[in-house]
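Next come two complexes, and both contain chain A; in the first it sits with chain B, in the second with chain C.
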Partner chain A sequence: MSNMDSKLRLIQQSFNSRYSEWVREALDELSDNFTITDPSISGHPLVFASRSLLKMLSYSREEVIGQNGNIFQGPKTNRRTVMEIREAIREERGIQVNLVNYRKDGTPFWMLFHMSPVFGKEDGRVIHFVAVQVPITRRQRGNGGVRLSEEASGLNEIMFGSCRKEVDTNSVLELGRVLSSDSSSNVLDIEETCEASDFEKRRAANVFNSILTVLTHYSESTGRLVCGKRCSVPGVGYISSSLNISLGRIKQSFVLIDPHLPGLPIVYASDAFLKLTGYDRHEILGLNFAVLNGADTNTSSEYQIQEIIQNEQACTVRIVCYRKDKSSFWNSLHLSPVRNASGKIAYFVGVQMEEECKNMDRHGLSPEMRQLSTVGAVKVAVRSLSMAAGSSKS
Partner chain B sequence: MMLRIKRVPTVVSNYQKDETEETARRSGGCGKNCLRSCCIPEAKIPLYAFKKLTKIDAENDVLAIEEKEPPVAFLDSLILGEWEDRMQRGLFRYDVTACETKVIPGEYGFIAQLNEGRHLRKRPTEFRVDKVLQPFDGNKFNFTKVGQEEVLFQFEASEDGEVQFYPSAQIDVESAPSVVAINVSPIEYGHVLLIPRILECLPQRIDHESFLLALYMAVEAGNPYFRLGYNSLGAFATINHLHFQAYYLAVPFPIEKAPTKKIATLNDEVLISELLNYPVRGLVFKGGDTLQDLSDAVSDACICLQENNIPYNVLISDCGKRIFLLPQCYAEKQALGEVSPELLDTQVNPAVWEISGHMVLKRRKDYDEASDENAWRLLAEVSLSDERFCEVKELIFEAISNGEDIIENTADTMLKDPIEEKNTIPKRSHRTMVAGTQECVVQQ
Partner chain C sequence: MVSVKWLEDKNFRTKSRKSKQLEHSCLFLQGMDFPIYNFSSQSLEENTSFEGMSCITGEEQSMLDAVLLSQWEDRMLKGYFKYDVTTSEIKVITGKMKFLSQLNEGQITDHQFKSEGKKLHEFYPLVFDCMKHPEELLFCLASSKKAKSELTPSADVPDSAVLVIINVTPVEYGHVYLVPCFSNKLYPFLDARSIEISTRLAAEINNQSFRMFYDCYRPNFSAVYFEACYLPHPLPVEFRPVSTFFGGGRRGIHICSIIDYPIKTLSFTTTHNLKILAAAISEICSHLEEKNVQYNLMISDSGKRVFLFLQKTCAASRAISAWECGGYFLYADRYEFDQVTEDAMLNRLSSFSLDDCDFEAVKQLCCSIASKFDV
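Here is the complex of A and B:
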């Protein structure tokens, strides 16, 4: 369970390192439904859920913190909408969509999902995503302003009457029962499109602003300010939030090295790498891989790594590496060039394999195969995510 | 009259030779480590046995997810790891990650790739495009001729309800193994071929069992950016040996972003929608009480198209949750000389990936000038006309539902006297195109 513990620690830190300690209380004073997620933690988990939201969905705080937002989705959640949200996260922008969410007891309901990023003022990185959920209490026809939404069928109009009531638990359940018994269904079922009113949309935007005000205020005292719009250009070597999310899914120990920067710095380190070496992320980023060298490290291995990078070839070297606590281990380090969408090399990925731990995982994938799969996953992520840079949306 | 087009076939295996060379060689032992009876007894290939699901939305219990490595990540790692291994061994004809690629700015985000090495400077071969079903021809290239090093693993259902992996397993001919092999001319990273029951040498035609296998692969990989595709003969399949393709691309496909309109629900909860605002007309299947229900609905539709000689493509996306079925007619148009030379010059053969919005372009000029409009124009040529698509829809619904258990949303396609009209539309071969006089009919 130590994976869970260290993840919870990261989640705590997500808030604590950025905002002063009263921020949670201040957020709890807001009576709206919202969640806050951290894209830099693997799995893009919830780091905060408002009391109102927990009550509305009938979950306890412990059940949702650390989970991905998709736990609130279910079979009737429109897959295309889910994809749109995923892409908004990838592109680090806001989105407002109508979405079917599920309570803990499995009952679905429509709500307006308004998500917006919160940026670090000094470096322009996405710190958190804030998602406001406003239950939709009125069903309306029409496409409204949401592009690419499903065209409402004429039937929607006929069924207006029965839907113009508060969507509380009971009526949703009743609607469900009616649908299942009537097989030649002309009844509008929860599947069909549902559009939030302008009032609800404005409400969502206002709630977001209130949250942002709280977060901004409480970030002042730590000196690490946040803001609603990106104020500065992310620095060189910066890994975008979307690449962060994708790389965070890879469970192996690996780093990304930027071969175009002087010193060949590490620009990304996976959680597993940090666990293996005992370092914190901020202690490692920006340093050369030689930070892992120590007394017994062959000086030629540093040269070897440099040569591999120059030759732009994939290669494995065996070197002695040192953890933060000075203990050492034999590392079968596999290095490979990683190209982006331009076809040119963007990074080198270095995947560690601790030789004493040559254990097959439960299913029997060999350590070498796991190393290669890490390379593959990184290649897909870097290539794909750099393709979308040129696209314009909404 | 036979309809044929000439094109340079894509080389998918390092053992794929010229047509002429194929027929000249006789089968006999080869010493090449292939998958025929000459080499099979010695073959040892990894085996991945997947767990058969009972419910389509059997999501992992999220509260327990931290406790163990979820099995879905495993197949993903296996494919990526084995593929990277073959890459480092130099088995691919080129490094696809060195090919420039971009998302074209615009509403749909068509994807273009500049790939000069995919198509060889070889003599084009003739392909018959007017018959969707053609018998298997052992003299031509088929996947039993690939080298064992091109095979990544065997893929089949596990016997005991748990995921099993054997790093090195003999090929058990009796169990009709299915394999996953590399495509040596990849469109993207991880481009593989799924060959169901490879030793049975099935021709390129969908059957229930094979489609279910493909769907399982999408589900097992658990990655929304790993999609499977199928091209029928006449819709740009070049090898008449049953196979699906798959690869990784971590951006949404334009077709996945297109809006849809629900048009029917089957009584096993499979939902059928129609694509809207997309250059190619098609159907989208999703839902179903079980994975098998969804699979059977789609394969019933495919079998119907096959039997009516209508070429089509299939895209399995969103981890098997959404399946696109696209009948097409581009090859026929090409054979009849109805496609503009401008479009022909791009040498884009609109198979499933192109129709989904991923275009591989051979010329720098086409890549630099790639636009939403160009892509749309090309794909619009691929689509069936409105009238023809209506007919095909009706054929499909009849095949899936046997006329009764279907619940249709009759929103805006109702016409007068549908019963009479119905009797005048027999199952016709797709050669006789509708001239626009026939009204579109929807079953009541």
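Here is the complex of A and C:
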């Protein structure tokens, strides 16, 4: 199965495993613009886009499903706003910002972007992010892209006046462009800043609630309810949305082992690992790495792995591993402790290197380099977790 | 215990060269082979605009990102760092700014310049003795005429290259020095070319955590160098509200001042041409140096955003690092780390900051220089 096929299959499952059959039709009955994304699939792709949105942006469904939401962004999209959206995803909370999006033909326009997570009721995990887009029709001067709830939004000193005074005449003419749109500008020109009205903000919130109602209703029949607010604390071994997204960028075969849980279970497995071993994600999560052992696996290697974890050292072991179909391969497994922001070990990463595949990859990187780059990328991703707050004044 | 095989085919003939020559030329590298990463001609083309380059954060780790991370991790495994920086604790300081602080006990014990009761870190000199520690040079960056970027595992260092050297007392994972060499000489001052190369590097790495820093105050190493590392979180300054005072021109240069932040800061972005933005920033910086205004640069968001932190003109040899300007503070002492407050950090930053009057002058300077380039 090609990569694209398996990704589409995951996208289908994203909905099918959670909601009953007619959910897409029900969502299509809503005449609003919105997208639904799944952070647990590599690339954080769109799993649903409403008919209205597709029409507004002039895309077909096939062009959009499976892509990341940033395909709608372009040069004039404020980078700080994009970063704020990313932070909201990291913190698994909602956000409402003004954002410049682009249609398929490249024309930009302002819209109010209202995003909110949808949680699993029982396990507290983020199932999807729902993003409502309301085009902003009234043009008002605002502070372009600043989060509307930002308390400093009142401080909107625009320095044009003082800047123009002291500068020579040539520059004044240039700066004049800042305030008014250039008369020779083409249709791609757009205001620097824009702010949604209260009406538009309320509209976005209402649309979200309608969507949530539909999703909740259709999750009842599968018994895997969703809700708009987190009702339960996710259990140990929970991989947050942002960690999922960061790890999804790494295209090598690797797993994360939680050394604090009994049995040293695998709590994350990359797509490449699943492809290498032939297992499905749900078959692997929660099991010990020994699941890959078989007839010829040296039993001492199981103890070796345990010992490495106990010693909290990085190490490489050569072991025979077995796929789901019982075929075997020599695995040069590199294990390394991975620490989070507290400085303590959060996980162990195990990166597989199939010894038969000794060729350079398409970039000319050796397999050993790829293996180490995986370790580095995982370390960077996990380092952002569990950052404590506070200045202790005891 | 590690049995990772790395490319063993680095062969070099050692020659006796005084390390003093390090200050002025790259000839010391002749005769040694290192991995060379060649930027494609597309990356460095005159008119490459952002419309061409992806605004999209890659769905996949880029090749340069993989090269840097793998080389760094390789040196980690071989024990070339003084300590494992990921064991240090990071926390958010309570308050509106959400400043970050790190308890890094490892740095101070090995520091050559012992602080005289100072709690926060001073600068670390770039000390690279290639004869004793060639392994500290991870690889070199160079340009090429080819259509695609590529990695050559082992080759002579080209005349014009950027050396990527590990910082053995890192501030975060992946901490390296980037030292541009041009015609075998190190740069004595910051210019458009070095800023442009740094921004290209950040864009090619295409990793949201990767940030580059430049401090104009470098007491121990006069040649130009940048620093870079993978910061797990964006720096507090990146979230502060902004006010645009220059923009809308043909070349898409935007300049904003950061509002409600204790140190005077400007942020530069472009919707079009990276090269032009780099040229504008470098001219602004050389004017600042003429007027003795100390400054720091930070390149974030994969090269799309450049911050300029403005410090007081100072006769005394005091300055703070770029990451401190951004709101990330290091402590060597557990007690100090626990006691830090936002107010103390606000005071620290404002004490170094350029004052309001001079800040206005700098903004006007930026407007006039940017409008020259923005045609």
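One rule holds in what follows: the second predicted complex is superposed on the first by the 335 of 394 C-alpha atoms of A that agree within 3 Å, B and C clash if a C-alpha of one lies under 4 Å from a C-alpha of the other, contacts with A are read in each partner's own complex, and residues count from 1 in each chain.
One rule holds for everything that comes next: a contact is a pair of C-beta atoms (placed from the backbone, for glycine too) under 8 Å apart; a residue touches a chain by one contact, two chains touch by 3 or more.
Keep in mind the model is a prediction, meaning the values are calculated, not measured.
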Have a look at where A:L247 lands relative to chain B and chain C in the superposition and call it first, second, both or neither.
neither
On the A-aligned overlay, A:K7 touches which partner chain: chain B = first, chain C = second, or both, or neither?
first
Quick one: is A:A341 in contact with chain B, with chain C, with both, or with neither? Answer first, second, both or neither.
both
Would you sort A:E63 into first (chain B), second (chain C), both or neither based on which partner it touches?
first
If we overlay the two complexes on their shared chain A, which of chain B and chain C does A:L292 touch? Say first, second, both or neither.
neither
Name the contact category of A:I136: first (chain B only), second (chain C only), both, or neither.
neither
Let me test your reading of the model: by the given contact rule, A:T77 touches which partner, first (chain B), second (chain C), both or neither?
second
Share the list of chain A residues that count as touching for chain B in one structure and for chain C in the other.
68, 71, 74-75, 79-80, 83-84, 86-87, 150, 153, 155, 192, 251, 314, 338-339, 341-343, 363-366, 369-373, 375-377, 379-380, 383-384, 387-388, 390-393
Which bits of chain A are touching chain C when the two form their complex?
42-43, 68, 70-71, 73-77, 79-80, 83-84, 86-87, 143-144, 146, 150, 152-153, 155-160, 162-163, 166-168, 170-171, 174-175, 177-178, 181-182, 192-193, 249-251, 313-316, 334, 338-339, 341-343, 363-366, 368-373, 375-377, 379-380, 383-384, 387-394
Tell me, which parts of chain C touch chain A in their complex?
1-7, 50-51, 55-61, 63, 65-74, 77, 84, 86-94, 100, 103, 150-151, 153, 172-174, 207-209, 230, 232-234, 238-249, 252, 257, 259-260, 269, 271-272, 301, 304-305, 338-342, 360, 363-364, 367-368, 371, 374-375
Per the touch rule above, chain B residues touching chain A in the complex are 57, 62-63, 66-69, 71, 73-74, 76-85, 88, 95, 97-107, 109, 111, 163-167, 189-190, 224-225, 248-252, 256-262, 265, 267, 271, 276-277, 286-287, 318, 321-322, 407, 409, 411-412
Over in the complex, which chain A residues touch chain B? Could you list them?
1, 3-4, 7, 63, 66-68, 71, 74-75, 79-80, 83-84, 86-87, 147-151, 153-155, 183-185, 191-192, 246, 251, 314, 336, 338-339, 341-343, 361-366, 369-373, 375-377, 379-381, 383-385, 387-388, 390-393
